[in-house]
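Take a look at the following structure, please.
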């Protein structure tokens, strides 16, 4: 199994979720995070002074998929999350040793 | 608050006046005004300040405001009211009241002050005594020990607030006798609090990380909520200072409102021009500047004057804030001095100008008999100077004293963990509790 | 607000009345009522609306409410009060006031209006002028440019609010002369705001994602807090409109309270039946519907009538909300039209019915001499029709104008990032600041 | 609230008094006080309680407070006011009022009660009837079904609040005739609510996880905000109970304020000594204890007495809270009994002591003619005993009844998911909505 | 070393923590997340309209354990987190390359 | 590629961010978490009762780096995040299968 962890722009969450549903991905976990990369933050006002806020709000999506689905899923995320501007984010792909479904105790691909 | 003292003059010499009738309308308004001014402190100011600090310190600010109100109330009962408003003794009578009203002696249900019960006058004045030290909290926020804060606030009330209050609002106060115009506390409240906050900020030194690290408000909605409450409560602050429900009170709230609006618009306009966008914090800070600045003038000026006062307040306080924090790099955490201190000075000065009845659409209610604009401005400058100097000196000494006794500042580790956990054993938010 | 205008009738022709005595009790109540109505706007309505939008837009709503209050206050000083309440000139006098009171000319500390200082009457009326455009904010929330919002609100005040206010509440207003019953602003406040919000919602088009994406309130506790403040403040809104502390004011707050309770219970009951569970948003929305609806009737009806008015308000406004948003798919973001617009229409109509003294336990205070229920309802319908039509037309034109000058809507990217960051350079919450 | 009933005595027999003049100042104050007491419930108490529960239950608490206010208001109109304040019939007249004022019969715009409109008296009293059952919410918070809560609250109002209110505040009430001193609701409000909360806590059994799992407040800033509002609103609660804007009202707010401050300081001091740190929750809980305890005494005691009452309140309520929750392990979720119940008992007792005019600096306004301290304390004990016993018994029976009809408690799964989702289909916070 | 990442129902956190403590697990990291899988969300009311909320609140637990502890830990989580209803969650198991304790700089199994 | 996941004390975030920037790390993702290890929580007051709070607030930092940068990055974090007291945290190091930059679709080391 593979675990895809994508960092995306917050307002792209719905689009990515739909894109993944379309290719049959059945579950995902979402976390609010903050991050920076090329995109360097913006300034905020505070009583007559401007500050730079480095860490911008991002959404982290975790999706476990069967190995043969991984490429399709990456594809789907790429397409849905892209705006073409910096800050679009990253996808990190891990190998999963094992997956277990708590309700049934099933493990392996059926558990995804 | 001219009438206060005029009334007191009449009342103080002989308690027999107590039999005189009270006016139920004036009493109704002053009961309400007392509630409104308490509302400014709790929860108004507490929220205004609380939203501006970081999440790890918000409870410390709220507790500080509460504890100050409680401690000041008990001190007021014991001797505060008497030292501020009872007639003084002999030579010192211009500077501090006597102890004839300690423990509210003679302040019975039947005692009358002007056209309202004296117990009500004492209650109303207490709400002013509560909010003044609470304003100072903004100067040393996010780094002062709770014990030091409490001790300092009590000493400061006794050594700074009560004397200055007597000078300005007691019938035998020296500034009152000179004819200082301070309707609702430009000198007594805003200058004393602003100057004390500045001295405290200097003496406690900046928060760790200032000024490189931005220390952003943790909850701007809380600050805006508090700001709205302050605006509303200020109707009681300035309007109540007429001590009657009459044209003076009505005009006071009208000019108060206009100055708040003008201050807010000016601050926003500057931000808009300078940074391209007006901010929430900007508009509410301008509003507070407008309110603080009109305070001493509110019973003497007209709507046109109020507009000018508000605009000047927004402009000057904006630049003072910027200058103090960004240029001088003084960490008056929540900008008490540039807003309240500078506002109080400006307002006390402009009260001397816009009280004039000869300014056309900018006219006020006119000077006291025999007073000219020149002389009035002289008196105002003297009042400002004396208040600033006295407050600065005494605050400095008291802080040194408190430092000796309990130390002023929490240890660096506690500062970084936040005052809520380290001073009060609590966290403000726990959204995860299951 | 019948007495307002009656009083004004008497006062306006000759300023000499200014010497007449003021009543301190009435003045005390109107001072308080002014504070209460300001409290409805800031922070009441701001919080009520702010909690309903998404976290990325909450500050924009708060700033909009603040900015409107500030800008309207200054306009009121310059010409607003005069155009609304000064006697008009010649032919146009039924439609708009004159400029004789511009810059509060003649509104001195001694000027009297009825039994209260005229400065107080002007202040009290100002709080109504502030909240009306602030109500409209709910219609275009989460997508309008700040600059466009501010420009529109100012123009709208001048072109819509002031004339309608003159029609209904000035002694020479044409609807006033016809005997329209609108005690505290069913037409002047709620219909104008509701209709304007609808037009704005249509002209700005829906928020991106509407209606597929749910746009859930980000902080329902904030909304409930604001709702509580609105309820309390409404005592000043309706009770203060008696312009006296008397039986009329007392009955007004009693019926106001009953209608709020009935509206809330009705809305909850419908939800309970329809969805199995009554919600927090439901109970407070029903309450606001009850309050908005009783507003024009509050000085004329009795408690029994108020109960009926509240129940009808809950029922009709619930269905109107559902119909507009779910069937017609109009994105009046915070449902201003179905709650305030529809409520204002309903209430103005029912004021004509329940004012009757011949309805047994549902009786009101009775019609003016020579008025029958039929004729009164005719007048009410005329008032409603004129207000709806005039407001709709003018709002449409003003929005077109503003669109030309600065554009109405933020760019899509800014909408998705949120107005707080893009219009005000701030975030509402920063729980992580270290 | 002695004068209330005295006034009513005079008024009730003959409606002709309605022609008698009303005092505009007294009316202004009571209009304001009504707004202030409503403000205590909404949003004051709702926020105070709401902040203390876990995030998953906060809306349920807010909705409960709102729904109670709405339902009680309608009941008040239908029969509540009459059963509490109309003259009773024959033998039962000491225990419950008659139905002569059902549907506010005779409560017209012109009807007068004492020196204020009767509609205002009815409105003011309604706000007390609203907050009393709302206080009980704290006892069963986080586990009661909404339907059960609503049914129970309505029945409880009818079966407990109205009779006890009649006993104590109606001219023909048996405790009133005995001369019980309960100025603003020590027995009527705080003892009844406190005892009912205790019985409910026992009958509903503890929340799942109590006492091992800490159930921390989810938002202490919300609680502190509500606490500030309660303090301010209490000026209307105790000060308004004078039913006039006079020395009695003024002294009532002064002693109320002092007791709040003293209670807060005492609670903080105990925490400081015992745990090394005073907490935010501690200071506000002590404040509420001080306020609840002074309530019955507020019209009879002086500032010195108030100080003692506040200190005793802080000390006793702290220990009662600790004992009930930690030793007896009763899950009165938000400590209603140890704070309000115990405070109400203490205060009713101490009213009997500190009303004495023979205690020097701790003197009050003196006893009624012919009353001695010994006899007064006897009457106070009788009043306390009767109220506790009656409330406990009736509350127990009503809860059994409600259990039969709809069941009291949500199922365990719903309790763990939280009442917001399961009872109201909503979440309080949604910071992620895009 | 293995890293177990479990997504569980929020109210099961205490039970899981205790179960892990019982078998000697000494540390863990907890994150609030939202997710969906088989469990499809619930409806919420909003002024007379019902909406479906897809993403439900979940708790993510991260526990690094020595390889030989992994099975016991999975077992413990399974037992403690199970309600038998959909939405019980998943356990994802990763291989850890390395673990370092910041305070001491120790790495490997001692660092867990 | 390697993914370093560090759990640190919240007030050390700025220091760690700077230390990483100094050695040329260009991006990171930050999450608020709670955790316990050796450090056992603190007590809190609640109306006259003291409770133990087990889970303390921590910050989780995720940094993807080229394999040859991993040691330097670990070093940098260790130095910046250390206070020497318990609760300083952990660094967990994972192998990354793949990394993709959403904006450009690039993958591998260029995508980091």
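Labels A, B, C, D, E and F are assigned to the chains in the order they are written; within every chain, residues are numbered from 1.
In this section, a contact is a pair of C-beta atoms (placed from the backbone, for glycine too) under 8 Å apart; a residue touches a chain by one contact, two chains touch by 3 or more.
Please read all numbers here as calculations on a predicted model, not as lab measurements.
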| item | value |
| --- | --- |
| Pair joined by the larger number of C-beta contacts - A-B, A-C | A-B |
| Pair in A-C, A-B or D-F that repeats D-E, with over half of contact pairs matching by residue number | A-C |
| Same or different contact residues where subunit D meets its copy subunit B, judged by the half mark | different |
| Centroid spacing, where centroids are CA-atom means, of subunit C and subunit E in whole angstrom | 51 |
| Computed distance of Cα centres, subunit F from subunit B, in Å | 45 |
| For subunit B, residues contacting two or more additional chains | 23-26, 28-29, 32, 213-214, 216-217, 219, 245, 275, 277, 279, 281, 416, 424-427, 429, 432, 434 |
| Where subunit A touches two or more other chains, by residue | 11, 14, 31-32, 34, 44-45, 94-95 |
| Subunit E contact footprint on subunit A (complex, rising order) | 3, 17, 26-31, 64, 94-103, 105, 111 |
| Of subunit D, residues touching subunit B in the complex | 23-26, 28-29, 32, 36, 54-56, 213-221, 224-225, 227-229, 231-232, 235-236, 239, 244-251, 253-254, 257-258, 260-262, 264-265, 268, 275, 277-281, 283-284, 287, 302-304, 307, 361, 365, 416, 429 |
| List of subunit F residues in touch with subunit B within their complex | 11, 14, 34, 42-45, 50 |
| In the complex, subunit E residues that touch subunit A | 2, 6-8, 31-38, 54-55, 58, 60, 74, 77-78, 81-95 |
| Subunit B - residues contacting subunit A, complex | 214, 216-217, 271, 275, 277, 279, 281-282, 285, 318, 321-322, 325-326, 335 |
